[in-house]
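Sharing a structure with you now.
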Amino acid sequence: MRLSEATWTDVSDLAGETDIAYLPVGSTEQHGPHAPLGTDAFTAEAVADAGAEAYDGEVVVAPTLPVGVAAEHRQFPGTLWLSPDTFRDTVRETATSLASHGFDRVVVVNGHGGNVDALREVTGTMTREDDVYAVAFTWFEAVGDYGSEMGHGGKLETALLRRVAPELVRDDRIEEARDGGSPRWGDWNAGVNLAHDSAEFTENGVVGDPSTGTAEVGEELLELAAASLARLTSAVAERDVSRPDRRE
Amino acid sequence: MRLSEATWTDVSDLAGETDIAYLPVGSTEQHGPHAPLGTDAFTAEAVADAGAEAYDGEVVVAPTLPVGVAAEHRQFPGTLWLSPDTFRDTVRETATSLASHGFDRVVVVNGHGGNVDALREVTGTMTREDDVYAVAFTWFEAVGDYGSEMGHGGKLETALLRRVAPELVRDDRIEEARDGGSPRWGDWNAGVNLAHDSAEFTENGVVGDPSTGTAEVGEELLELAAASLARLTSAVAERDVSRPDRRE
Amino acid sequence: MRLSEATWTDVSDLAGETDIAYLPVGSTEQHGPHAPLGTDAFTAEAVADAGAEAYDGEVVVAPTLPVGVAAEHRQFPGTLWLSPDTFRDTVRETATSLASHGFDRVVVVNGHGGNVDALREVTGTMTREDDVYAVAFTWFEAVGDYGSEMGHGGKLETALLRRVAPELVRDDRIEEARDGGSPRWGDWNAGVNLAHDSAEFTENGVVGDPSTGTAEVGEELLELAAASLARLTSAVAERDVSRPDRRE
Amino acid sequence: MRLSEATWTDVSDLAGETDIAYLPVGSTEQHGPHAPLGTDAFTAEAVADAGAEAYDGEVVVAPTLPVGVAAEHRQFPGTLWLSPDTFRDTVRETATSLASHGFDRVVVVNGHGGNVDALREVTGTMTREDDVYAVAFTWFEAVGDYGSEMGHGGKLETALLRRVAPELVRDDRIEEARDGGSPRWGDWNAGVNLAHDSAEFTENGVVGDPSTGTAEVGEELLELAAASLARLTSAVAERDVSRPDRRE
Amino acid sequence: MRLSEATWTDVSDLAGETDIAYLPVGSTEQHGPHAPLGTDAFTAEAVADAGAEAYDGEVVVAPTLPVGVAAEHRQFPGTLWLSPDTFRDTVRETATSLASHGFDRVVVVNGHGGNVDALREVTGTMTREDDVYAVAFTWFEAVGDYGSEMGHGGKLETALLRRVAPELVRDDRIEEARDGGSPRWGDWNAGVNLAHDSAEFTENGVVGDPSTGTAEVGEELLELAAASLARLTSAVAERDVSRPDRRE
Amino acid sequence: MRLSEATWTDVSDLAGETDIAYLPVGSTEQHGPHAPLGTDAFTAEAVADAGAEAYDGEVVVAPTLPVGVAAEHRQFPGTLWLSPDTFRDTVRETATSLASHGFDRVVVVNGHGGNVDALREVTGTMTREDDVYAVAFTWFEAVGDYGSEMGHGGKLETALLRRVAPELVRDDRIEEARDGGSPRWGDWNAGVNLAHDSAEFTENGVVGDPSTGTAEVGEELLELAAASLARLTSAVAERDVSRPDRRE
């Protein structure tokens, strides 16, 4: 059930049937010359919807939070970003709102790499301190071998966009996107990424090769991600989420 | 230009053409048994799009923030809310992101009464302390005489929904919505609203009569709101937004 | 009972007799060339005292907080201001102190328009989260038809000052005050005040016509405000202030 | 010049004449059965006024902040307290307001022992980080040998009250106050006060002997405090308040 | 140069010679029945010292921060933890102190996995907002193939302890440590760790096999880590750390 | 028991035996040309260890926090400092971690004058709001008559260093240290220290005469401090630390 489209009485009728909610979170940030700024929100939302469909049970899907932790892309026009603190507060307060209505097992469905650290932190904090159990699922970490090909505006994101919002991929700029990008995220030495901004290592914002991101790959990615999310949801539904006892 | 759908290169091409951005903000909260929880986000976004269309010039329309200041509705299932502090931080950081790219005259386009105080505060704070000029426009305060008929899930919101998302209005619950609602927002004495929660004065969350909210009224509301927003945008574009000199 | 003048044993003796406290809040800010910077504190305190007198029961009157939310007047020499956050924290902590002693129905008695939004927010927050019920009463919103004549350092405030602190009104500057002022608060377009600072629309800080603010009007205003406050106090004393049940 | 009673034009006329402001801060807290809760505010204000009078030059005296850091007295009815953070923020924002108008050498005139630590911290922070130089003067630390007789509601405060607000001292409870009090503040071991609340060591809130606090002593205390404050003001006016150079 | 052991004049003499500082950060948390709570601080400090030795140039080594982000181990007696916010603030203020003295390229030398996310965030924030460039080096991510064998209190940490603080390894509990531990960190499903506390997946706090952590391995680890850190330090020293230009 | 060197099972075994913990806190700041920046941490740790030894009972000694409130020394190279807020948060979270394991009577063992105010505040706050009783012991306030000779890098600190870390005292700079120092801390007028930075009153950072700080004096100081701390610990162990009842 998409929360935004439901009435409060619909939600009330659902009470007792499920305690699972999805909270999709994206980002509004550069994705190269060929892919829209809203890529991470579009993909997160699509995966959440597909996961809810794939899951054998009812799930409340909250509205997608469109702005995330993206200061690293701020040199590129149009990028929006929250401080990590504000992002965490937004996720935490939204998730605890959901929990107050009985949906106290929350899976954050994430579409942006820059959100990962903050989400790991805030889901841990919530689980320990609030009346909610929360985990964060990032779709491109759950698509099997494809995971290793994740870049930025590269194969995976371009492919998934072709599946969920094909009109927003600029076909005529794919080659330019590929040629002006970088093969790798970051600038590494001794296990440390020396770059704090993507503009330090990619000229046009792209990492990877978007030309390989076909609609077929996109279809497959959505299926893989939805299946993973559904499987995770079952695990979350069945898990004992009480905190462990102190060791003596 | 809808920011989410543009690429960073599109935004770059726009540089110099405009310094105006809209930031739509809604809420996810009960709107009676007949109207969806996302009402305020849907209407804010529709008004922002229509205003951008009506304005004689270019405007960047940021993605809609779907969660607002709505603790007053928290007794109704499905309502989500941010603390006013987090809401202000979110608006401020998003608006200053826009300003960093040259869109430093920001009109927040608001669809929710509960956001009004926080938006007045944060747009003032931003204008004084950051490199941005910001004001908040609330559509139902700019639709002429209709303004006086604003309730909650009542005539105005139901009408506008019939225009922008008709499939989400539950026709079969309109009468129930009207009959179980309240004629007035709040519980007043000596100029003071004694109620801090809507559940103190409305049984089903409705204030006003949704049955009078026809698609025709909705059409008119959207036109009035868009025209007001376009007019405001012109005024914002032309205004001297430097801060006044100290009086001596 | 004025708290500042009472001993703790006096307060202890009052225990059980009343659970009502008033917390007067003002501002120290420009009020034109003829009226003192402390106007809002003087008037709030006077109204609180008069209301306590008019109310048929006992009330604890806390000391007046003299600095409020007034950054909008900061271009005028002598204006002091708190950030809205600090103002809210001050009000909240003072009110919860009162509640800890059994005075857990707190009426904030306000003399300054710039405080209104912050007070609405913080009284709501306190009522929901702390062991206290709080509302904010702003005297010039409860003086009947006079309310529409409220400006800034205009008829109403000048009149009330003539009643409560006549020696502080500069008679010889009343005409100058009137002539250099503005007829209206703000600079409006499409329901939006484009001005964030009073210096954007008033040369000398005045809004309205102070020359019509006679001592007779002041007398009447104090009576009206006190009667309103007393009536409100009765309503607060009798109200069921428990939070509503969740809707199912 | 008392800021609350001045108009902004009066303050403007003062520009250039002085850069000194006093900010009186008190507390609203138990002072035994014989002395009012507002003791620290009354005395701080009186000392500030007397110091301004004694100083050979002009001083702007801000309104008195009536609530301070007093959680240690919260077991006694009527005591109000701010968290140290809120207290510091209030002092800092008020003082920087003063500085924005040219009064950028601020002497906080303090009447409450519980404020001392927080004031030392915040005046240091302001001096380092804001465009203001600030120090905190606590009157009972600047009255010569009398200083050693400071208790709580004891000789010194009772005496000064008899001088500045005699009608608020309850003569008929002086003996009771003395007999039910404590000879010493705190409960000490190895240089550490083990008590965090005054109720841990005084039954009725008094420390010291109020019966020795005559009006004559009060007169002398006010003169001593005013002379000290005036002397300090001269030193502040003449001091090089720029921050030292880094050592190389 | 170990900062704690130097005098300010020693540091002054170093000015101009280097702009590199190390800031070791550890944690005080359970490391199984055989390894001390201070393991992460001891190892971080040892690696920092060894790296400074290996680096061909001068480095200032700040004192080791002994408490980190470790709430996930709080069910085990003796574990200390800071909130991630306080940990970030501590690191940021310490690093900007270093930068104020000219050591404005700071390498945080980290010994604890739970600190990694917070350090990545805060070094990014500092680099963008403060006058400092900072990165975080975590020793067990820079020891070649050994990295894959990192557990908790397992082979790597036990080995390095045997090298740097052998007297603190309890030989007689190594078998018990191994047998009561877990082979893997976390409880994974679809790329998500469902466990937020280590007590959810390890009985005695150990992950991995400490019995394989010999002193020889420890020696090798220290050399590998020191070499990596020295190499990183050279890269940091030579890097253009100015922020990239905005893309147009 | 030194917490850093213990395993969690050691700590578990101690459960029930003691509820006392020491938390040593120092500072990393200039101590003149002859004494190391880490002086306050070294001395605090030594006193904590000696106190634990002297106390007739078991005590858990937490790791030493090496950075404190020291902005007043920031003009001297190498000085590190936390904001008072971050310092308080660090102490509070560390102490409440200790309390969560049953060590809920915490004595902060302090070696730095600049920490004193912040520690008094935070131990009070913790005792009132958290499940812990805390006090702060500053060693040089508990060494009898020696206390009056405390300066900065002067007799007392130099002496104690000679006892606990003699290799870190630069003998060849003692005379220079003495001659370039100041006889007194601060710049006083009317009971107020007009200086906010030590560089306002001492050229080389020293206050007092380090040449009188012999190892014999150091020995005596350590014994006096340890005896005081042990005595305090007994008092803390036996004290009724419940908060007092409200006065009626």
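Letters are used for the chains, namely A, B, C, D, E and F, taken in the order the chains are written, and counting of residues starts over at 1 for each.
Quick note on the criterion: contacts are C-beta pairs under 8 Å (C-beta built on N, C-alpha and C of every residue); 3 or more make two chains touch, one makes a residue touch a chain.
For each chain, UniProt lists the protein as follows: A, B, C, D, E, F = Creatininase.
Just so it is clear, the structure is predicted and the values come from calculations on it, not from any experiment.
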item	value
Common touching chains of chain D (Creatininase) and chain C (Creatininase)	B, F
Self-contact between copies chain E (Creatininase) and chain F (Creatininase), residue sets same or different by half	same
Gap in Å, rounded to a whole number, between the CA centres of chain B (Creatininase) and chain A (Creatininase)	26
Centre distance in Å when chain D (Creatininase) and chain E (Creatininase) are each reduced to the mean of their C-alpha atoms	47
Junction residues of chain E (Creatininase), two or more chains touched	8, 12, 15, 76-77, 85, 204-205, 247-248
Contacting chain pairs - touch in the sense defined above	A-B, A-C, A-E, A-F, B-C, B-D, B-E, C-D, C-F, D-E, D-F, E-F
List of chain D (Creatininase) residues in touch with chain C (Creatininase) within their complex	3-12, 15, 28, 30-38, 41-42, 60, 62-67, 74, 76-83, 85-86, 89-90, 93-94, 97-98, 100-102, 168, 170, 173, 204-205
Chain F (Creatininase) to chain D (Creatininase) touching residues, read off their complex	71-72, 75-77, 84-85, 117-118, 120-121, 123-125, 127-128, 135-138, 141-142, 147, 189-194, 196-197, 199-200, 204-205, 228-229, 231-232, 235-236, 239, 243-248
Touch list for chain F (Creatininase) against partner chain C (Creatininase), complex	247-248
Chain C (Creatininase) to chain F (Creatininase) touching residues, read off their complex	8, 12, 15
